[in-house]
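Some structures to go through are shown next.
In the two complexes that follow, chain A is the common piece, with chain B as its partner first and chain C second.
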Partner chain A sequence: MKKYIWTRLLKSIISILIVVSIVVIMLYTLIPVSKIFENDPARQKLKTNYKTVYTYSRLEDLGYLDYYTIGEMCLAKDSQDINACITAGSDENIRVLNEFEADGFTVEKLQQFDEMQGNSIAYRYYGVLELLGNFYKKLIVIDHPFKIHDPKNPDMERGYSIGLDHNNVPAIKCSGCEYKYQLYFNTSFPFIHTNALKLNFGISYPTNAGVPTMDVISTGQGTMDSFEQTFPTGEVLKSPILQHTCKYKYETDHLDQKRFDDNYANCALKYDSPSMIQTSYIFGISSLILAYLISLPYAIAMARNKGKFVDKSGIVLINILIAVPSLALIFFVKYIGFAFGMPDKFPQLGFTNIKSYILPIIILALLTMPSLMMWVRRYMVDQSNADYVKFAKAKGLSKKEISRNHILKNAIIPIVNGLPSSIILAISGAVITESVFSIPGMGKMLPDAIKSTNNNMVITLTFIFTSLSILSVFLGDLLMTFVDPRISLNVKEGDK
Partner chain B sequence: MEKNIILSVKDLEVKFKVRDRELTAIRNVSLDFEEGKVVAIVGESGSGKSVFTKTFTGMLDINGRISNGEIYFEGKDISKITDDKDWEQIRGKKIATVFQDPMTSLNPVRTIGYQISEVIIKHQGKSKEEAKQIAIELMEKVGIKDAANRYDEYPFMYSGGMRQRIVIAIALACRPKILICDEPTTALDVTIQAQIIELIKELAKEYEFTTIYITHDLGVVANVADIVAVMYAGQIVEYGLVEEIFYNPQHPYTWGLLSSLPQLGEKGDELFAIKGTPPSLFQEIKGDGFAPRSEYSMKIDFELEPPMFKVSDTHYAKTWLLDPRAPKVEKPKTIQNLHEKMLALTSKGGVYSDRDK
Partner chain C sequence: MSEEKLINEDSFTFYKVDDSVSEVISAPEYSYWKSVFKTFFSSKIAIIMLIIVAAVLLMSFIHPMISGYDNQDMSNINNPSEWFLRPSLKHPFGTDDVGRDLFDMVWAGARTSLFIAIMATVITTVIGTIVGMFWGFSKKVDIVMIEVYNIISNIPFTLIVMIISFTLKAGIWQLIFALSCTSWISTAYFIRVQVMIIRDREYNLASRTLGSSTTKIIFHNILPYLISVLVTSISRDVPHFISYEVFLSFIGVGLTERVASLGRIVQTNAKYMQSAPYMFVLPVFVTALISISLYIVGQTLADASDPRNHMI
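On to the complex of A and B.
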């Protein structure tokens, strides 16, 4: 069992790496570079050589190429006389440029008329393997006590300590790390958190330019939410600062010094509305619970009374729900709900009003229900035709006992298998419903990111969705071993 | 000698509704089951053997119904029971059934112990602990070694033969008066077949239940049965003690069945088979249902249904050949000295069916 789980995990990680690598290669090699800048208003305002320089430095930020200005080139080639080196046409200048050209760089002279005219730049697009190497090199960020090197604070203590946080809960703190809190507990899921290991997918661009992609989808939305808290200096203040997230700040101002007794003052803030992931999750999970609560008993009743009214009415319902296009169903329910005073757009009443949630949740549940009902009924009916049911009847058990003690336990196996996927993948959001109700969730993130060529965002989402899918299938298989004694997770000799 | 009848069937008729048409699966069958005896019901597939016994436990499929006749059990006409609650007092408790395929008769995701004790708890009102004790005793009785440890195992951990033993244990859990064995050995291999048959035989002695065997294996019949009823197209065409059926069969269909015993085939010759197919049960069958397939049919066989002719006090057959006016016919040569042939086979030991391995 243990061995199986480890091999399975290893296989999962390999599959994730393969998928992400393919996506990285495709995005960086197949999408024309000009496409990336179509949605960048800052670049559109620039003219002449500034535009060229901006373009290359942006591309360097995004990981497309290695880019050098003339000054950087001179430094890189250990030029003794910097002034001569940066002067176009000097011997030193030509030597450096030739060396760069010999290294495979494209050297370009800025042609247009402005103060940069005549200066040279050099760039080199990365090959496929280099792209992948760079991506994985920066993907996993491990925090350690020798991370921060602040010239103004050379005698910084370095090491871990166990102490109390501002809520008087034990936490592992670190001095010298990027984050102050390495391991801490709080009341939000999953209750135990760490800053020691982070995934870095780069920055979002051109939408939400400059913000790390993970932060775009996981930081709260709306306005800042201040709450009363005690700071390390003993100061009690109403502030939106989340102290667990504080990073090392090189330049602290007097406000920071008033609150913090060290340099860890660069903190994330609390917002009053949930993040995109949370928003989609709230809708996904609520609708899932609603769908299961209705579908399971209904489908079981249908199977028990096969061919009778309950069954026939259920089949009619399933047929209607499947036959009606989802968009039509969404608008139909929306207009009915509107007649009952429900808002037809989510932002009208916002996150705090329960009415905002009712219609989307009902719609999402209605969309999940037909297939769920159909399959549960199918499993139940299949099982009730099994020989062991005939034998159970011959044993003198009542229909109810057979259904409860025998059929259900068999029919539930395939349902249990699919359950983790349904729960975990609820975060991927619902594209159409979220668009129709203007819900700020995850649903539109992937199509939007693709449309605006936000490559890093596409990679981030691919990574998240792939890992969660693989994880949830794995969890489903693990769960099956609990409900079906015939299944055990063991590596067989023949599998090697 | 006073006969003790435990189950009595009178003029039973069973109809099934299939796609808006009605077929008659059992046509006016009357049969008495004597207490403590082993009755074997033989006949080809579709002759109504299983349907006939299903009426004793109210297990007819949803589209079937008893359209006529009575079934008396413990002084009550159980053919009129419609409420499942009343059936639950009989099924499993007084009349138990063992089905053909032990591989599928047990619930794959419940423990063996659960499936045995479930019946004991339900029908005998015992507590879980008591039921477990009884179940383990039963498991030992049907030949499961180390029963206490195997109580919590699942069916997939048992072999086919052992599963059938468990099925028998479940069937016997409430000490039923009648055990219906619906082809209990068909799905098992030959050596296990013999063991299971032996087990049922021994348990029948110990628990004193009446056994009804449904089978088309005449080897099994010869080995276990006291009384044989031959069914054809929803009717019992011949009925008698096992010796009478084997050594003095009267109905041409019984002749056919016996002639088809593979053990009687001569090396190099083709095995005997009854020609033709059984009549459609959708139409009313005129005369003797077997007449179109019989070499011995007379004109009257196509016009009038034969009555049950009495051959001896225990032996009856439903064929016009027994009418005094009928011409004298010889039964087929292959089965003429069946007695000697069968003896020759059994003297080598084992069940008849073991012979042709």
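On to the complex of A and C.
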């Protein structure tokens, strides 16, 4: 069993890496570069050579190509006489340009009429392997005590220590790392947190430009939420600062010095509304609970009264829910809900009003219900023909007893198998529902990111969705062996 | 005295012995397809739905030819008297914000959507079945394919459609390509499971012992068994693809303004849900009608094509 889990885990990780690699390659090689700048207002305002230079430096930031201005080229080729080198047409200049051309760069002379006219630039698009190499090189960021090198603070202590945080809870602190708290506990899920290992998917662009993609989806939304807290200097203040997230700050101002006794003053802030992930999760989980609460009893009743009215009406319901296009169903429910005074967009009443949640949750539940009902009924009906049920009948057990104690226990196994994936995948949000109700969640993010060619965001979301779905299938299998010990995932000798 | 009739050799003729007659087992005649139709037409709902399907198919393939509807024809754009007309005899579904006839538009859209859904289903089913057969049959293929499945089924679907529409330009065939590109693997997976269930049955074992090749076992022993499963999967796929086209148009991927499709109509008219509900409700109703009727006909046909349902 142990061996199976390890190989399966390894395989899962490889699968995730392959999916992400494929997506990286597809995004960087198949989408035309011109698409990227369609939503960039900064570039539209620029003219002449500035536009060209901006385009290439942007593409370099986004990881498409390697870009050099003439000054950078001279430095890269160890030019002795920089002034001669940057003068167009000089021997030194021509030598450097030729060397760059020999390295596979495209050297371009800026043609348009302005002060940069005549200067040369060089760029080279990355190949497939280089793209992947660059992506994985910066993906995993490990924090360590020798990370920060501040010329103003040359002899800072370096090392880990165990101490109390501002809530008087033990935590592992670090001096010299980028983050002050390496391991800490708090009341929010999953209760134990670390800053030592971070995944870096790059920055979001052109929407939320400049913010790391992970922060875009995981930072709270809305306005800042101040709360009473004690700072390391002993100051008690109402502030939105989350002290656990503090990073090293090179230039501290007097406000920072008032609150913190060291340089770790660059902190994240608390917001009053949940982040995109949390928003999607709230909707996903509540709709899932609603769906299970309705479909499980209904499906069990259907299987128990097979062929009777309950069963037939249930089948009609399932068929209609499956056949009607989901968009039509969403608009239909929304239309009815509107007549009952429900808001037709989420932001109308916002996060605080319960009314904003009702319609989306009902819709999401209606979308998950048909397949759930169909399968539970199927399993129950299949089990009811099994020999052990006939035997139980022969023993004289009542129908109710058989159904509850015998059939349900066996039929629940495949349902248990699907449970983790439905819980975990509830996080990925519902694309259409979130768009229709303008819910600020993660489900809406993927099509939005694709449309605005926000490559890093697409990769981030792909990574999250892929890992979640692969791991949830794995968890489902493990849970199934736990519920039913007869099931073994090991490949036995003699199996074909 | 009457003449006596003599029985002699001339009274008899030779009768040719036909060996094949003795081979016939006297049992009620059974024809597979006849039984399928008999079972199918015994359901009243299925007949009604079949009539609706036929009407929808005819309407969507003939009506656009008669009306000659062109989605880019906006001749009434400057004629406010033709805008937002309520349903009437002249315009059964009313007109939209630029004076286009909604009835013509819906059927032109239905043709596009149906065409996309049917083509995608055909491609997916053919590729999926062939791959799924070999996938389920060979354990060596299974080891590789299950990993491929893990990978392909996890690439976000919208991503592939977007990239294809960026690189190949948006269009009907590109959309069909994009839809089939990712869907075949789930059909193949579905078939794989079915094949795995029946591959080790005794009759296949017997067939193998008698020396049948793998291909022969797959196409002669297993494929006929899968007909009802396949019909079920097809009847799920067509409404699914219609739904998906609607979804893609809604999030702004897929087709361009040049062609009408149900998805585009629903998407553009959604904003009139409160002010001019007919513009939104009628296309949604037609979309739902097409999906439901196709689905129920398919499901009944799937039940009917299972020989176990033929016994009376």
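Assume the second predicted complex is superposed on the first by the 488 of 496 C-alpha atoms of A that agree within 3 Å, B and C clash if a C-alpha of one lies under 4 Å from a C-alpha of the other, contacts with A are read in each partner's own complex, and residues count from 1 in each chain.
Keep this in mind: a contact is a pair of C-beta atoms (placed from the backbone, for glycine too) under 8 Å apart; a residue touches a chain by one contact, two chains touch by 3 or more.
This structure is a prediction, so every number in the text was calculated from the model and none was measured.
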Inset, instruction - Label the relationship between chain B and chain C on chain A in the superposed model as either fit or clash. - result: fit
Inset, instruction - Scan A:413 for contacts with chain B and chain C and give back first, second, both or neither. - result: first
Legend entry - Centroid geometry (CA): angle chain B/chain A/chain C, rounded to a multiple of 10 degrees: 50
Inset, instruction - May I ask you to decide whether A:432 touches chain B, chain C, both, or neither, giving the answer as first, second, both or neither? - result: second
Inset, instruction - Applying the touch criterion given at the start, work out whether A:483 contacts chain B, chain C, both or neither, answering first, second, both or neither. - result: first
Legend entry - Partner chain in contact with A:250 - chain B first, chain C second, else both or neither: neither
Inset, instruction - May I ask you to decide whether A:465 touches chain B, chain C, both, or neither, giving the answer as first, second, both or neither? - result: second
Legend entry - Chain touching more of chain A, residue-wise (chain B, chain C): C
Inset, instruction - Considering only touches as defined above, state whether A:397 meets chain B (first), chain C (second), both or neither. - result: first
Inset, instruction - State whether A:387 touches chain B only (first), chain C only (second), both chains, or neither. - result: first
Inset, instruction - Once the two complexes are aligned on their shared chain, state how close chain B comes to chain C by Cα atoms, in whole Å. - result: 7
Inset, instruction - Mind listing the chain A positions that touch chain C in their complex? - result: 11-12, 15-16, 18-19, 22-23, 26-27, 30-32, 35, 319-320, 322-328, 331-332, 334-335, 338, 344, 431-432, 435-436, 446-447, 450-451, 458, 461-462, 465-466, 469-470, 496
Legend entry - chain A contact footprint on chain C (complex, rising order): 139, 147, 150-151, 154-156, 158-160, 162-163, 166-167, 236, 239, 242-243, 246-247, 250-253, 263, 266-267, 270, 273-274, 277, 280-281, 284, 287-288, 291-292, 294-296, 299
Legend entry - Contacting residues of chain A [partner chain B, same complex]: 386-388, 390-399, 401, 405-406, 409-410, 413, 483-486
Inset, instruction - Provide the residue numbers of chain B that touch chain A in the complex, in ascending order. - result: 57, 59, 84-85, 87-93, 96-97, 99, 101, 104-111, 118-119, 122-123, 154, 156, 167, 170-171, 174
